[in-house]
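Notes to accompany the following structure.
Order of writing sets the labels: A, B, C, D, E, F, G and H. Residues in every chain begin at 1.
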């Protein structure tokens, strides 16, 4: 409960318009619903300006179904289910409305058209980073952002990036996904004047150590304005890019 | 050179107002100055909306002096020199105007008053994280942002954070610096609806492994909207927070 | 052999009630049984107040069967077989009486009803940590402890935890299982006044490095009273919680 | 504020014995004091049954002095200052009453005699682990526990341990500090029937990697009832041992 | 070619009993045979007192067959093929004579009875370490050593070890295989007066990190006389134990 | 566009032979083709003296087909597709002409006979390193280099290497692939006077940690003239060896 | 107490030649002396055939003095004090007789001439490994072994090793100390037919990571008969070499 | 001894022009000199086309002096002493002729003017990488190569590199030294068509982990033709660049 609500409630109690018991109850009403295996958070939209996201990994399709349905009953749309297996998606088919994207293993339940604003660029070092990029781009689009994809512009062929600079220069936020040496984040960071969200990917082999190489590289970026999310966390990057893009859109 | 400048130059060549040799020269003119030991970048202000920053570590005081003077001659003020030793600051004393902050080892050369806008919160888990926090806060202030400091609100005494929530709720960007288990970033990330920039600090001992523990913790944050910069990189966090805050201020 | 037994034996030898050979023999009698592939420890119940536990991983179903039967012949009940595969459980079906729990891959052989005392809370950061939590909870219950489960109360939605504080405040021991950034242990540790046993889980991806992130986070907890067991070691946490809860029950 | 206090406050508001403003104020009163550089937590004693502890590392002596004085004014005694340098102790001399222990770098401010109850054993693998052991032992004693020290009983000379088993067998909690291979924790864990708190120490060289070897060893202990705290964290072990010992003393 | 052979050859050349060309040839004759995919080393028996061993991993069954046959033609027996898959063994069936041991995945080709001398103990911490132990024991036996197996004597139940000390005390070399915390090597090392060869095993989970925990533990052993081989390298331990045992048998 | 082309273009503009618009266009013409999922780089041959290589991992066979065809249309031959699965190769069968090598999982599309010059040695420590060696050797051959293979000459049987020294002594570049302890690179580096390119392989087990052991070993080589490429990166080693061999062939 | 002693004691009790109390006492008599800070082990000579060794690191000179004196009173000579600082040695000067070796920081207290038997080789990769080598060589000499030093024979100049092979070929045990890539152990292991004890040293920089590179390299040695001790553990290597050499000398 | 020398020697023996003893002796003559603490290698110049280099770290100034003098007596000039302390250099002053460079801590003993051929570029990411760059550049110059330095062209300000491309395009080998994220190597690797030798430097802080970040980044370079030497190993890079440059100069 927010401050003003507390004040109002206290006023009501003083004026006898609300009993003590009732006030106790209201102060305890949980802003989430308990399904046993999960506590669905209905206030997050209010608190954070975006609907709940379901981390699909390690959850059974039945659990995902239960959570989605509960959210839909509370009015949610464009509900993201990340790291959701193809098998899970097949189970859901017919039970709830959703779009499924196989490469990023992303489901968007109760999909609804949304006006898209501002400008986010999602760039990748190589073709192999596409699943992570798509997770970022689809997340941002589902949250109402205009997204430009610029793929396969890794630093070993710099002219490919330099020939595609325009969308970068007008973006409010750039998501850069790269594996191996992850150098693209620094190069882009040095060229643009908006926040760069770097996503190390697990693409590579040998001394890439599952994305560690790109992760360290990006954390040590000598360009200012670059920050990093977890390896392969396309969702997190898209979500953060949306936050920043919206701030530029609406002020605050 | 930007696109319009190229067009204009080409027009001049066509009209004979500019010789081919001259055009060649202009297309090669470097947007930086070469001091031998460093190439000072005068276009960054244009390119990125903020003046150059000098990474003071491993540079001699004489080198720092040279770079700062060159920048001042090009009109720069509030020039940040990060990781700059007390001895270096003593050398500079009297040679150039600057403020020096000992705990964050930060110098601000050619300091100039600046209007401060918007709202950034810099929060710390414990008193020991203060040097990193101050680097972030002073950087953001030097770049013209209003900053609120909320220190020593680590998660082991949650009520200290919960009693100080107000500045967080109205911020456009929050910087969270924490060492040890770095849990504060996730907790704050779950409470606010603006980007959270997490700075792992090297505070701790034993299995904190010089900040690795907090770094991993923050990268794995289960809260959305959290991104991470390098261990102890207060400057990077402050710079990025400024970018975001300004975007909310000015739109784009 | 304990001290008093030695004294008694010596008295018998002195009084001629026991030959030297016989005394030699008794002093060598092994408090365990050798099955060739395993040495079953029948004294542990005496020595540690709890029956033997079988680490099921890397053992053949036949070996597990042999050990369990040997223990049952020595009067044991509620024998735990941890990390025991579903296939193993199918083999045992009909050969010995037991309950099997699929998610935590735990078998309880020769199950017997037991009075449950005191109060242990088992809490999880997310739904995905449930297998580890259940291993802890079932272990504690099999050892005669009253257990309250509080699942999916991770720090990114702090209100879910704060609305469920009551069982924590009256617990004698709390088990906290969390993956990713593992911050829940510190937050709970700062709220309760009983020992907190933190179990890092391997839930997560990328820089969680199979539970390393949560492990380091928990080891560096800034809350007092928190200690840590191995990644995914729900059994160890439940066992230790039982030890502590019983100490509060019985004194000593 | 606890539940009953909220109810009472609401009753007062209803009966007009307390104004809305006053109620708002009371609900916001912070259970800690803000010294600017630190937020001193006066409720921890209530919340957790033990006074605040000051982590001395990275704090100036003046800051420590300020926090200690503030706590003393609120009635605290036996205030622990861990990882406190000898120089810091010299500064405090004469300003506040305290005992200082050089090897564990521990200060106990406003020391007060306390009745000691129950039984805790603090054991070490080698002479070099003594600083960590003493931090644990002194912490436990300051919190009112009876402590038996059993030092230099590492597993390479097992008879030294086996000849000193008696205190272990009657303890309610055992703290085992060991560096190098850290095997003592497992051996002790297999011999006693009370919780064993393992403290890896940074004693060793080469592949001990600053305590990592002992840490991993202890986390992988095959003995049940063993949990682990951070490398060199004698304080944490002593604090937790006290919690457990008191639970056996008082029930709950 | 050994020194004496060189001298003899030179004498022959001087005396004209051997042409220069012939001498050149003899000095170049390779002490191995080149099969294209492998260079089979026929001098190793001379050079190191033991026949060649074939590392079966990553080799095709056909390659193994080729190498074994080549060695048999040169008179070798008891040829060890380590890390050899069950499928590979099935392929060999009928083509060459051999014994196959499934758990240690070890084949002994052209097996021959051999007199066994001296005394080696192979001990394990738990039942799960058996494959590694058997690789060590079978290797030592194939090389003509008397081996005593003492399994499942991990330190968490110390009495199991103490009741089985006799074979240890009369051994010339002890192989200790243990996973998890690997403490058994130190305990045994402190009890015996012969070399202890420690083999960390990959048995365990979580923070055992595939045997790293046991490896570090064993390298940091505080007992003298302990040395370590690679994780799961039962063959290497058995081979080395044989070398030492034979040295005690034959002097040198 | 290279310098001379710019000059020529400017001359044309000045002379009116080329309009400003046209010039703008030419300066923007991309030296690569955008297939959507990939940007095929047609200038690399010019820029780097070798055709494009396709990293086959994580690409669908259809994507590989598309890229190869696009390159063939631009005149490329001997197009390498590395880390290309057998399934992928089967898909391509009949669609484009290519040779496929199963062990190194390498396809060479549009194969063309090429004159082979100079001398490169590819050496391996053991039979198991062959896939990596073959990737290096085939790459170098496809680029027109004469290659000598010297396999299974690991340092544990030094005479095998010493008997095969001749090709090493006349080589212009040596590729050394070795797993486990990777010592061969240092030994060869001390014997030859040309660059040695060390390729750590992931062959081994236990503490080889997927090639980390060999990687560190090679990076720390005490022999001069040794440099290292990524674990299992046979292609990179062959490519670099070709560069060096050609430099010795053609001068520059 | 050994088996025979127990039997004899029991006989005495039966015959009344020894009271029960006395027997109890004898069975408890500790085979070590407790100095408070250390438990000096007087039985180790009996148990392990060598006198106690004092790990000097982290011990005060006074503690070392106390332990040495206690041992001398029990008849010990050639007492090794490893990792003992020069300052410590200066303190001891005049208080007890000893030799001090500065580079290996080794003291040998109560030195006594000893007949030297057999043959141990101590070899080093480079001049910088000498401190570790000397610790090994002096330890072995103090224990009565004949030692040949062969220094600076690293693999980058193989002929230096090949020209010095003779002592290796007649040794009963070889200690190989090497830093950086640690390849010498494998090369020597392939040439000799006696056990090779590899000591990784912390010599190197960068990716040697304090000896980790050499450690992994040696653990992965493809030569049989090689085992490894801790980084820089010259003492351990010398002690183990002595054990093996003596076994060859005396049989057993 | 080379093959032809052996043949010649044999001929002499046959013809009686050389006794067997003499031949034995000649075949054993060591191509190095043994100073006790070091074996100076006089054949390396022959074997590898460059004089010996002395690794100065961990050697006493007296040892360095001895080795240098021995080499000078054998006619060597431009003898490199790497990682040589300023104090060591002061000791040498007046004893032998040499130049000393403080930042790279490099001495060049018996310096001699040398004709410089070909073209090597040494590039750095930032001013702080200069010590490593200078070690590389001075090494290459001492070995007779023409070197162009291009410093402070890190990827965060790409135009600084693009404006300085010319020397890169005409180089035969490029050394790239960079710390932090080490991205420069990949960018340069994509622009040039000669071998790129990447040197990770330990410049940076936090998650640069002493150069590990740059090391991994460079090993994972997506540009072909890039290989890597040890962290901060400027000497190794310069030496290898010289090898390659000379191959282009002289063919082979």
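The criterion applied here is as follows: contacts are C-beta pairs under 8 Å (C-beta built on N, C-alpha and C of every residue); 3 or more make two chains touch, one makes a residue touch a chain.
For clarity, every value in this text was computed on a predicted model and none was experimentally measured.
Taking the mean of C-alpha positions as each chain's centre, the chain lying farthest from the centre of subunit C is H. Averaging Cα atoms per chain gives one point for each, and the point farthest from that of subunit D is the centre of F. Listed options B-D, E-H or E-G contain a single repeat of the B-H interface, assigned here to B-D, on the basis that more than half of the contact pairs agree by residue number. For chain pairs E-F and E-G, the one joined by more C-beta pairs in contact is E-G.
Chain centres here are Cα averages; for subunit B and subunit F they lie 41 Å apart.
The distance from the centre of subunit D to the centre of subunit H, with each centre set as the mean of the Cα atoms, comes to 54 Å. Contact of a single residue of subunit G with at least two other chains is seen at positions 55, 126, 157, 191, 206-208, 212, 215, 219-220, 222, 224, 230-231. Shown are all chain pairs that touch, namely A-B, A-C, A-D, A-F, A-H, B-C, B-D, B-F, B-H, C-D, C-E, C-G, D-E, D-G, E-F, E-G, E-H, F-G, F-H, G-H.
On the side of subunit F, the complex with subunit B involves touching residues 6-7, 10-11, 13-14, 16, 20, 23-24, 27.
Considering their complex, residues 126-128, 130, 151-153, 157, 159-160, 163, 203, 205-208 of subunit D touch subunit G.
Listed in rising order, the residues of subunit D touching subunit C in the complex are 47-50, 53, 55, 172, 191-195, 197, 215, 219-220, 222, 224-231, 235-236, 239-240, 243-244, 247-249, 251-252. The part of subunit H that touches subunit A in the complex is made up of residues 125-126, 154-158, 179-183, 186-187, 189-191, 204, 206-209, 212-214, 216-224. The part of subunit C that touches subunit E in the complex is made up of residues 28, 30-32, 36-39, 41, 43-44, 55, 57-59, 63, 83, 200, 202, 210-212, 215, 230-233.
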